[in-house]
Amino acid sequence: MAKFTKMAYKSADEMIFGTTKKPVKYGRDFELGGGMVYPEIVNHPRPGSEETKKSLMREYEKMTQESMERAVTLGFPGLQVELEHVWQMTKNPDWGGDIAGQTVRQQEDMYQKYGIKSAVRATIADNRKPEEENIRDCRNLELALATFESSAKNKADNLSMESVGGKEISDHSIARGDIRGTLFGIGVLGSRDMEFMWKQIVDIANKHGATPGGDTNCAQANVAMFMAGGMLDKSVSHVFAAVTRAIGAARTLTAYEMGAKGPTKDCAYEDPIIKAIAGIPIATEGKTCACAHADLQGNLIMAVTDLWSNEAVEYHDMFFGTTAGCFVEILGYDVALMNSAIALGKEKDLQEMMVYSDMYRDPHTYVVAPAQAYEIGKEIVANNTDYYSRARAGAICAAKLILGDEKMRLSNYEKEDLQRILRELESFPDKEADFIDQCAAIYKKSVPGFNLGNYGL
Amino acid sequence: MAKFTKMAYKSADEMIFGTTKKPVKYGRDFELGGGMVYPEIVNHPRPGSEETKKSLMREYEKMTQESMERAVTLGFPGLQVELEHVWQMTKNPDWGGDIAGQTVRQQEDMYQKYGIKSAVRATIADNRKPEEENIRDCRNLELALATFESSAKNKADNLSMESVGGKEISDHSIARGDIRGTLFGIGVLGSRDMEFMWKQIVDIANKHGATPGGDTNCAQANVAMFMAGGMLDKSVSHVFAAVTRAIGAARTLTAYEMGAKGPTKDCAYEDPIIKAIAGIPIATEGKTCACAHADLQGNLIMAVTDLWSNEAVEYHDMFFGTTAGCFVEILGYDVALMNSAIALGKEKDLQEMMVYSDMYRDPHTYVVAPAQAYEIGKEIVANNTDYYSRARAGAICAAKLILGDEKMRLSNYEKEDLQRILRELESFPDKEADFIDQCAAIYKKSVPGFNLGNYGL
Amino acid sequence: MAIAEVFVRYDLKEELGEKKVAAAKDPLLQKVMDAVVEGDEDNIIALVNEAFKSHDPMVVIREGLVKAMDEVSRLWNEGIYYLPQTLISSDAMLAGLEECERKMGKSMERKGVVVTHTAEGDIHDLGQQIVNALLRANGFEVVDLGKDVPVDDVVEAVKQYKPAMVTGTALMTTTMTAFQKIANRFKRDGIEVPFVCGGGAVALEWVTSFDLGIYGKEAQEAPPMADDAVDGVPWTKIREKYNT
Amino acid sequence: MAIAEVFVRYDLKEELGEKKVAAAKDPLLQKVMDAVVEGDEDNIIALVNEAFKSHDPMVVIREGLVKAMDEVSRLWNEGIYYLPQTLISSDAMLAGLEECERKMGKSMERKGVVVTHTAEGDIHDLGQQIVNALLRANGFEVVDLGKDVPVDDVVEAVKQYKPAMVTGTALMTTTMTAFQKIANRFKRDGIEVPFVCGGGAVALEWVTSFDLGIYGKEAQEAPPMADDAVDGVPWTKIREKYNT
């Protein structure tokens, strides 16, 4: 495994939406990171439609059709469609594969007729249950791999996943504000599982000429972010979520070290850090994913995006058309504004506005702003001796950045919590092996079903 | 009646979002056009909830609550809630009034608790039927006026309407591409009916200390725009819709001549022209009203906005919360981007991007871009001898602007149609009286139920 | 960095060919046909009268007016004609037809009666107006109940006119609920008439959730549906044909 | 022109006062209480053992552990405590409880049994985990079936454990449909148990559309609901209380 040892960009300032060091081409004339931003729509089937393969295929057919048609009717240059699997599509590899095939055919038709650029991303569900089964050898793993195969065979352009390694530990720890377990579950276990999974995904993609896309720390850092919630929520602290995000970046990076090429997954809010390090195109989501969660970095997270997504919207009627068209429209215009800025040579101005809009709204937002993302990335690569060290370095950096900027105002509770987190992070052992021993002892006791063997330990 | 005889702005370039010559204050600390843009959410009740007053009130209570809460949880400085009446709320004046009262109380609570700025707009439905009844003396008029009263008494901050005078003629004509009838129905009859209606609305507002807001040519220019549809639709031509918009501007202006203070209604795509002439704050809608229609000026229509709306979204569940929160979030971030640009002194840069995004997407879009809007406004005020002349002057100006800009590419059909429209417009009589005579003769024959008496003629 | 492409004018890529129209049997009928195809309402009456010199009114109708209107419908369906062209052609065709009927001294037999309305509480009647025009131009007698029509009035009218088909238009989700009430009343009173519902707010799922209901997406569908209804095709079959 | 206000930090306007906690009967119990309130799992066992010197284990439970946990719940409900504080307090409380039970040589009687699960096909079990922790800390025995649990397994477990209440968590609209199937099976087999369903995808309207279903919005609601269930309040009444 070739770990990243230096940054792809010379400075944060060099990073901008629409352009990357390593653009990616696939699909029907589709290029990401080559100077333009594109929208990515994620439609979800209505409950009940998953009952049979036929009804689910019909549901996807309608959703894709309306999404593509809205793009054409408004003159959008291109659109990526993500098939974010409901579990039936992964538990039945032919369902996932056939829906991918159908979606590609629909896009090909539109390409013939109008020349609209397009691509399909298949995001296979990770249904493995680390606290119940051997996640390196279980039926759910077999099915996931078979579904990657069937999707690639059916010409899905991009293969992605939201993998869950280490989740049994991070779930327990995040809910308790326990930074040790969080660092262990994400930084150590999560990264090791990524290595295991992504080797196989990349192999399958290469075999069929698909592009291995990316992963996300949805299962972990998003749990923290999501539980931290809005301004007045009193669940996980927002600073905890911020530090967790930096840890998540170190873990998600593994996919790209294993050969994934991007674009990354939209719900990976650690992606600005990934872009800074790996230089690949990233997908992000913010204000236009309000259908899926309330976002405290609605504009800011566009600052260095290459593919702009809505996370996921359930299919239903609107006063005009359905959600499948509605969200393509909003995304498409968001993207048109970015591309206009690029065409006018004012992309840095627009980026400045995006950042200004949200940077001090919330500490989690703060750490994914380009400047901070870059700093965190630097710490990660500078400490890239092992998964633990780089994740811990990223976390310490995030905590210090927040504490060091007085414009980033914190409530008393949040401030104290962050000081505590930083103290704890600094108190952990220097060696990965020592940290693993420490954690193994603690979490074998408190997390039922936890099994080191799942992570080759 | 004091007609506008000069432009509020010295040039198009002087116009910008968030700032107006004549700001308006009302509600809870709410100011429009005073240097900041705000979002306006329009929620619509689900079918069935309108069956009883109780169930409808409960529906509005839930929608308003979630909208306000999403604004707080994300830290938005303020929010206007529009109550766009379903007919039951206007046919039963106490329903409309009580819902307004309830909404104001909900906002007051939130204001006490968090200090969030807010206001309520009540938009009374115009249920009059010009081809069936005497629209100056009928039950539907009485009910509408009674509902303005009940809303104002219950402290609705802003009173607005989407009035329908002249619709019987414009409907017939727009569907047939007949520019004469369109000019007559909107420019002459529509304007005369506005004069009749808005005198009364302004009186009611003044009596109760409410702000008379604005009107929209939804019933006419939006019919043309909506029927013109997307890029590939073959219904009303897009150039016809563009010219109709200029006519609509001349008509909608009447509300502000009668004393309405703004903000105007969001669905009035003629509003940039109104702002140029009248200098009042305007509400507009674009990409974030994708729930209600597909928009070809998604970004551009933000260029000079003061209040940014979603047109209307039906209440239902999303993966997170409901549409009532989802659309507040998207609007709120759109607005945050504009306010960031203002705070950074880069508002003209952002405006340039918005305009660049869409100006040449469609000829209707073209005429509502600030530069063209200003030119059309100038022609309207320069020809402000009577309703007919100013509307016709605006229309001719719009047609010439489109034909004169070679970057504004047109299909062969659209180009020929626009040349035809311009020829016809130029061939009409110079005197209003002559034009009225001509039209009266034609449309008495072809439009059943058409009655000049409805317009004091 | 390349200049980003902000939008694509797909409409310009799509320019369609010239319209080609079937020829009439002789120059006089050709002129009638041309007037309809061009929507020339001003001259149609004179041209029809010209045609009477060598043709029976029934021939003028069949070989001039109706044939022209068929061409217009085709041009529209092929995307060459826009809606306004179709509507002014209908206007011209109907004016010509009236003249033929005057000449014959009796009305031409219509294919059948259709009752149309816009739902109670709803004044969005533009869709209905287009449906009316297309049905008329296709040979149906339209009983136009107007807009904001109470449920009772629709049921009464249907009892009175015994139409082959009924249509409803609604643009608001809070008014479209009337359609189900109407359908229930029809059922209760044993009226088995196809009830085609359309308009912006209305969706297929909803209309097909009650008996008699058939969803009408585009105004163009109204004439062929009415043809089926007149031919006695039951509502279940019409629904099957258009709604799946 | 004024500098536009881009966002408002309402959270900072909202800073709440210091926490005030009810006092214990004596210094030893006070230490136990403090350890629970502070979530001090490391020291709770030693402190509980200290308390045994002058108190019966049942008193330590009632006057130390349970009383402290009541304070924790109150602090959470008042918005002074955050969720993690509550959960680590529960952990401490449960560790202390175990120690008391060891001392007594028998388990303290639980208020009743609750069966919890996350729906078939769904691995989003965090909500369920929180519900488990809160129920346990509030004196219930929790039978945790885990996540991605087939309908049959839920029905079997309920037959086996005869719980006072059953809960289900689902975060996906395509998995929550299992709840209705479970409720139907309960009905068929004559099991009248309150079935509280929660999780991001789940909405009140849907859960209350089938018998036995009660909607659970926040994890905090689970303990009081279970109290009612144990008290024999029928599901219809529990639904009425929490779902209107």
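We call the chains A, B, C and D, going by the order they appear; numbering starts again at 1 in every chain.
Rule of thumb we're sticking to: a residue touches a chain if its C-beta (ideal position, glycine included) is under 8 Å from a C-beta of that chain, and two chains touch if they have at least 3 such contacts.
Just so we're clear, the structure is a prediction, and the values are computed from it rather than from any experiment.
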- Query: Given the two chain pairs B-C and B-D, which is bridged by the higher number of C-beta pairs in contact?
  - Reply: B-C
- Task: Farthest from subunit B by Cα centre, which chain is it? Let me know.
- Result: D
- Task: Measure off the straight-line distance from the CA centroid of subunit A to the CA centroid of subunit B, and report it in whole Å.
- Result: 40
- Give, as an integer number of Å, the spacing between the C-alpha centres of subunit D and subunit C. 62
- Message: Please tell me the distance, in whole Å, between the geometric centres of subunit B and subunit C computed from their C-alpha atoms.
- Response: 31
- Give, as an integer number of Å, the spacing between the C-alpha centres of subunit D and subunit B. 51
- Among the residues of subunit C, pick out those that touch two or more other chains and give their numbers. 6-7, 9-10, 14, 173
- Residues of subunit A that touch two or more other chains: which are they? 44, 72, 74-75, 231-232, 314, 317, 319-320, 336, 339-340, 343, 356-358, 361
- Query: Connecting every touching chain pair, does the picture come out as line, ring, star, complete or other?
  - Reply: other
- Would you please name all pairs of chains that touch? A-B, A-C, A-D, B-C, B-D
- Provide the residue numbers of subunit A that touch subunit D in the complex, in ascending order. 44-50, 86-88, 91, 127, 129, 131-132, 164, 171-172, 175-178, 223, 227, 231-232, 234-237, 240, 314, 356-358, 360-361, 409, 411-413, 446
- Item | subunit B residues within the subunit A interface of the complex | 44, 70, 72-75, 229-233, 286-288, 290-296, 298-299, 312-314, 316-321, 325-327, 329-330, 332-334, 336-337, 339-341, 343-344, 346, 349-350, 352-354, 356-358, 361
- Counting only contacts in the complex, subunit B reaches subunit D at residues 18-19, 34-37, 72, 74-77, 114-116, 317, 319-320, 336, 338-340, 342-343
- Query: Considering the complex alone, what residue numbers of subunit D touch subunit B?
  - Reply: 1-10, 13-14, 173, 200-201, 203
- Item | Contact footprint of subunit A on subunit D as seen in their complex | 6-7, 9-12, 14-15, 76, 79, 81-85, 87-88, 91, 121-123, 125-126, 129-130, 133, 146-148, 172-177
